[in-house]
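Here come two complexes built around chain A, the first alongside chain B, the second alongside chain C.
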Partner chain A sequence: MHFCHFKKIALLALLSTCLTACGDGSANKENAAQINYNINYPSSNGGTLIEATTGEPSGLIAMIAGESAASAIAGNIFNSLLKYDKDLELTGELVESWDISEDQKTITFHLKPNLKWADNQALTSEDVLFTWQKVTDEKTRTPYGSDYKLVIKAETPDLNTFRVSYAAPYAPALETWASLHILPKHLLKDQDINSTAFARNPVGSHYYKLDKWKNGQYLKLTRNENATQGQAKIDHLLSRIIPDKAAQFLELSADNIDLMGLNPIQYARIFPARPDLNNKIALYKELGNSYTYLGFNLKRKPFDDIRVRQAINYAINKQEIIDGVLLGLGEPVASPYKPGTRWSNPELKPYPYDPSKAKALLKAAGYKDHDNDGILDKDGKPFHFEILTNQNKEREMTGVLIQRRLKEIGIDANIRVLEWASFLGRFIKPKEFDVVVLGWSLSLDPDQYSIWHSSQQAPGQFNFISYNNTRVDKLLEAGRLELDPDKRMKIYHEFSKVLLEESPIVYLSAGYGLTAIHKRVKGISKPAPPAGIGHNTYEWYIPKAYSRNEMSEH
Partner chain B sequence: MKASAVNPLVLLGFVIISSILLLALLAPIISPYDPDAIDVKAILLSPSTQHLMGTDGLGRDVFSRMLYGARISLMVGFVAVGISTVIGIVLGALAGFYRGWVDTIVMRVVDIMLSIPTFFLILAVIAFLTPSIWNIMIVIGLTSWMGVTRLVRAEFLSLRNREFVLAAQTLGAKDNRLIFTHLLPNSLTPIIVSSILGIASAVLIESGLSFLGLGVQAPQASWGNILTDGKEYIQFAWWLSLFPGLAILITVLGYNLLGDGLRDAYNPKSGQH
Partner chain C sequence: MIPLLVGISLISFFIMHLAPGDITTSEASFNPKASEESRQKLRELYSLDKPIIVQYGLWLKRMATLDFGTSFASHQRPVFWQSKDKDGNLTLGMIQEALPITLLINVLSLIFIIAIALPLGVISALKQNQLADRSITLFVFIGFAIPGFWLALMLMYWMGVQNAWLPISGLQSIEHENMGWLTQILDTLKHLVLPVFISAITGLAGISLFARNGMLEVLNQDYITTARSKGLSENRVVYGHALRNALLPLITILGLAIPGLIGGSVITESIFAIPGMGKLFYDAVLMRDFPVIMGILTIGAALTLVGNLFADIAYAWADPRVRRGVVK
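Showing the complex of A and B:
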């Protein structure tokens, strides 16, 4: 049947060129370039959105899998109690409303009525309680447990109410409930969550459910008819696993995928040179969610000396890194918060590039080139160290630029690039490094206790540079207790100021998030709101006239 | 000697290798730029009179980096093959000269080593060491001596009972005199040929390791890591992949022509047809 139909279409197309030129569903690939993708068709249901992902998830229970590939796909399948809206304000997802008690220690969540899992079972506060029990269970292998362990009591007064109590007011509490995917108790209660088959065959409550997972090839999601948040427009989401960005790009140019993240070269060099791509693909540029930094091992000499750290900060030309590595597609940062948001202190400016100031600081710290070999020395030892980073082209190039600048002021640094697992296991966890080039995310909540507080230095914890400052510790503790947004803002502005002054890390750059989306996909907000273009994927749609010829797929 | 003078391919191989050697030796003089000099305002320029082979992702001059990369490639070739040849000669000579249980042990070790794919063995060893040019040369040398061992052993076995050796032995020559003055000089030709061919494969292995990021570390230039850098830009910056690729190809070709040609020239059997 299908085959006959296809033949007929092919025949028609031969007889009348008009049919294909009008761009109906039968348009074949040769004509794809001629389709005008700028017609504003009204919103409609249907179609398949194909996106490229670099990594394959290890499973779809985000708290266990941990990697970003997993949380991205699982985010289409599972809901949290709360979510961020397009202006990055917290709002209810599974809950209708929430109350905070007078003493700020108890939060009561009121679930929306008649919530359902994709398998038509009722979703109740029992599921929420179950999820909390799992994430705080010692047997659950998750790195995300600590925030939820602060809850001293969790209870379900009725099937629509979930209540948590904290020992002390905890300002980031609400935020934590926006990132915990609620899991179905009826399917998981007798399972070992670390190894359950549910991770590869999940049942959630969000817009989509998993339809097919082909190892090493793709994950196909299909619209969930029982979705708690209403119905998404697009029928299927196909995530194709393509580890190499260059290969992804070829697939994008060949019209085989609709959405991918670009690197600066693809965005700034390849696209402008390819007018054929500009006709069918739209580019989006937003401030990214992470920044790159140079971090010192503060337990090692001479990085315990603030003058040495500041000297290196002055010696590095940040603009050069942004221009050279990111091709100008990034911004300098002076605090660990997204520039322009309330937590980012507008008074702080990055250390300017000033090699003479760097030299003066090093001289004050006792460094001088005694043997005239071009390298500074102190107590007979040359100033030499190793810059460690992982196999990431951009970080490696950043390292080369830094090395060059340090050499100019008489510091001899070499670069070592490692594969991620051995980088973490052999160097970061045992703190066997001098200096690292790495990235941190620019999170939405300002609490950065786990990165900077002196109590977080155990192997495997995030303060691996061993930062220890009583003033910062006090500010971080105060910030967690303060619920008034304005007072909280002042605390974190002060925290950022101390951090910049002390220079335990050198902020290098914050790259833009660069996305390419095929123009067949409509309904994307432009300009992007603070939450980014991805905030309303459920409203995206693919007009019938633009949808792929489903028969030519696979 | 006459044969090699006539064979144009050997000559070509010789010319290729000696010109690359010359370029590598004179790199500091010929290079128009410092190979590590970064210029973010001149990123990915196509080849021109200013930059003969264009510039890379950090604005470094590719021609200068190619010249310095040639030094790495040639040095790796010579040192690695030097190591493997010495090991090969010693073990092969022991096995071929003494035979018996020495031969059995050496040849079984050779068999074991040969049963492991060399490149993967090298990858595994490098993963435990700091990747550096010296480690790579040593590791390549320590994992590629088996061919030479077999060759030397075979030569020794066939020469061991020849009249001149027996005569020397009858006259009371000691073992090491037999080995070093009689047997070894007479087995040199195949060793030289196999070493030259070995250099070609060492150059390839180094390029492969650097391509995978396990070889020469940034910012030092090697043909292999220029090629890796080029991979990202292959769609529009062809010069970053073409030149190092060609350089590796031509060098390996040069060594192979030279090695094959020498083998033919010195082998009386192959000269007959």
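Showing the complex of A and C:
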């Protein structure tokens, strides 16, 4: 009999769980609201910043790990020779200055004096040379070696000088020295870099050093007393690995984490409806260096016809995609560069949404609805193709919006969604596709030789849409040889202009990176400079009054 | 068993390679800075350029010495067990770390399921087609049908955000290291409450209906009638005679559950940020991290075989009829 009761109680418990959880209970919100996070306490040292990340790094040697989770954390531990400042100009990190030779083929880096590793050993040009040797070593399992293999000679005239020579001037060279983490020779010279335990127990020279790595749970970084760039204010950085965004969000609302990346729904729908969250969490949106596009397979008919490509470009409503998919949190783009940066040509405007122009262009290309079935046809064949994309909610939704707009002008498009490795291996590499919806996430250097140059079309290379334009080829080659930023800018403005006219891809949108940071964290630049709020994380601080109790004992 | 294991590994190896792509086609590698030559070089370093049969031979050769190899994706971490390098740095194995976590959650939830589902099943059988039976069936089916991730998020919100009763996600608190051992255990248990509950709630239906049907079948048999006519008390009849026989098939189910114990749920583990076997396997498949996939499949296959063996032995132990059949 008593089991009967138990069951009823269990049932009740389950029901009440659903009810209370769905309802907007506010048991614990008054407590949270009592703390006023808007007081501007003076800057102070200490505290722990807890951030959530979806993926665990595979190791902290970025050149081998390769994934963004690794570079993000390793970027707090290792220095590069150069860095981008808050205005996205290159400046010295480990180096004081650098000279470029008259013929523009040799770069000499002058290291800052008295640099030290976290273990107190001296950091010298020997370490830089060692790192270069490792990244170009045939046995090193890195996908990023090719840029550094262009160096024909690397030498260390003295402990503070590092010199590299290229066979020909290579404009993106400086940027490559801003992304290579310098590794300590004294710890790695007898190690196999592919399997060394150093990757999980690194010694670097930047603001932080690794304190503890709990596999699958968190990585804890602690301030490095020997930091080459001065002292950061926050004592500990803790990255908690929480794969699910919804769970991250719950942790954020319960004050358990301080920083996470949001998705558009969380940013645009949940936050405005939750004043309690807005009291303690600040939101930031900034344009990343990435964009989504629709790319044509230019080897396939009818996409070799510029009129067809332009017609499709006019037929797609980009604002609709930004509003519908990104909930307004994006911008239209007209060049493959981040809007507002030097490389983005301000004169270029995206193709407006203009279905009648699209129809006229298609008519000129010979398409007409002969059999009155609503689908255009040419030579007896209906205009039909497949939009291919990978498993990514935003890209799938984008595909659906495009499909509808194409239908309106008489084009019949299917959508096919694939898992990433199949997508790449079976369709992109052998070029077995009509049209793809994809995105590019790019570095700050404007060189896009590997994406657009006609020589880069072999299977596995990045010009998989088979774009071939002699004018663009020439401009890309010139851009690689030109080290003067202003002359270089003109080259890439011209390049973007040709690209927009030719419409080998349709630029769809550039989405904002959305970040939520707890208001206990102070010192964040507002408004954000071009490099974004992350440019001065070492100046962020957590006033004592706002730091977590449980952390104070550390 | 060994030939069976080799057969299973051969089939899994080939099926794994039927999926397009390898470690060099992961999403991270789709970066204009990564050149095709570098990727080709990686393929050679991992022997991925050799014919599949040669790759299988290499794998088998390593397995003969119980060497599960090292992961492609996780900086050469050992797949199965820890290894020490020449400087004495210990690197823990991936399965070594994930397996105990998953086992703990699954064993706890199995105990929870049996402790709840068995009585529910017995009551259902005794009150067949009455209100109690109907509401139990409804309850276990709601549990079975409810989307786990949704219930998980709701419970996390209610018990973690609105009321600070339980931690929301993770396996341990961040300050876990500074706790006494008793608080440490309590801390871990608190973190386990929701994941165990979520993985148990969906399993209630199977076992309770199984117990119900087993009981019903047994209750209709002649010896129960005999027992009742002897004048035994109802409790004696139900728990002494009927239940014992009704439980026999459960042994088979539990035997079959052993391989399930090492496979975690990707969804539960992702939501609760638990580094278990489900997430490990899922990530390995997405990354085409062949040594990890093969390691988990082989251990899973071996445990399935062992589980079957145990179930057979336990059955023989519990049921004299089977035992005599074996002896003959």
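The definition used in the following text is that the second predicted complex is superposed on the first by the 517 of 554 C-alpha atoms of A that agree within 3 Å, B and C clash if a C-alpha of one lies under 4 Å from a C-alpha of the other, contacts with A are read in each partner's own complex, and residues count from 1 in each chain.
Here is the rule we go by: a contact is a pair of C-beta atoms (placed from the backbone, for glycine too) under 8 Å apart; a residue touches a chain by one contact, two chains touch by 3 or more.
Predicted, not measured: the structure shown is a model, and the values here were computed from it.
In the superposed three-chain model, the partner touching more residues of chain A is C, compared with the other of chain B and chain C. When the two structures are aligned on the shared chain, A:G399 is found in touch with chain B, with no touch to chain C. In the superposition on chain A, contact is made by A:V417 with chain B only, not with chain C. Touch criterion met: A:D323 reaches chain B, while chain C stays clear of it. Shared-chain residue A:F462: touches chain C; no touch with chain B. In the overlay built on the shared chain, the residue A:A246 is in contact with chain B and with chain C.
Touching of chain A by both chain B and chain C, each in its own complex, is seen for residues 246, 419, 422.
Those residues of chain B lying in contact with chain A across their complex are 36, 38, 40-41, 43-44, 57-59, 127, 130-131, 213, 217-219, 231-236. Those residues of chain A lying in contact with chain C across their complex are 3-4, 7-8, 10-11, 14, 17-18, 20-22, 25-28, 50, 56, 58-59, 61, 64-68, 138-139, 141-147, 194-197, 199-201, 212, 214-218, 220, 238, 240-244, 246-247, 250-251, 253-254, 256, 419-422, 424-426, 440-443, 448, 450-451, 458-462, 550-551, 553. Remark: chain A residues 245-246, 249, 263, 265, 269-270, 273, 320, 323-324, 327, 391, 393, 396-397, 399-401, 403-404, 414-417, 419, 422 touch chain B in the complex. Residue ranges of chain C in contact with chain A, taken from their complex: 19-22, 24-42, 45, 70, 73-76, 85, 87, 89, 91-92, 97-98, 119-120, 123, 132, 135-136, 139, 142-143, 153-158, 160-164, 168-175, 177-178, 269-275, 279, 286, 288.
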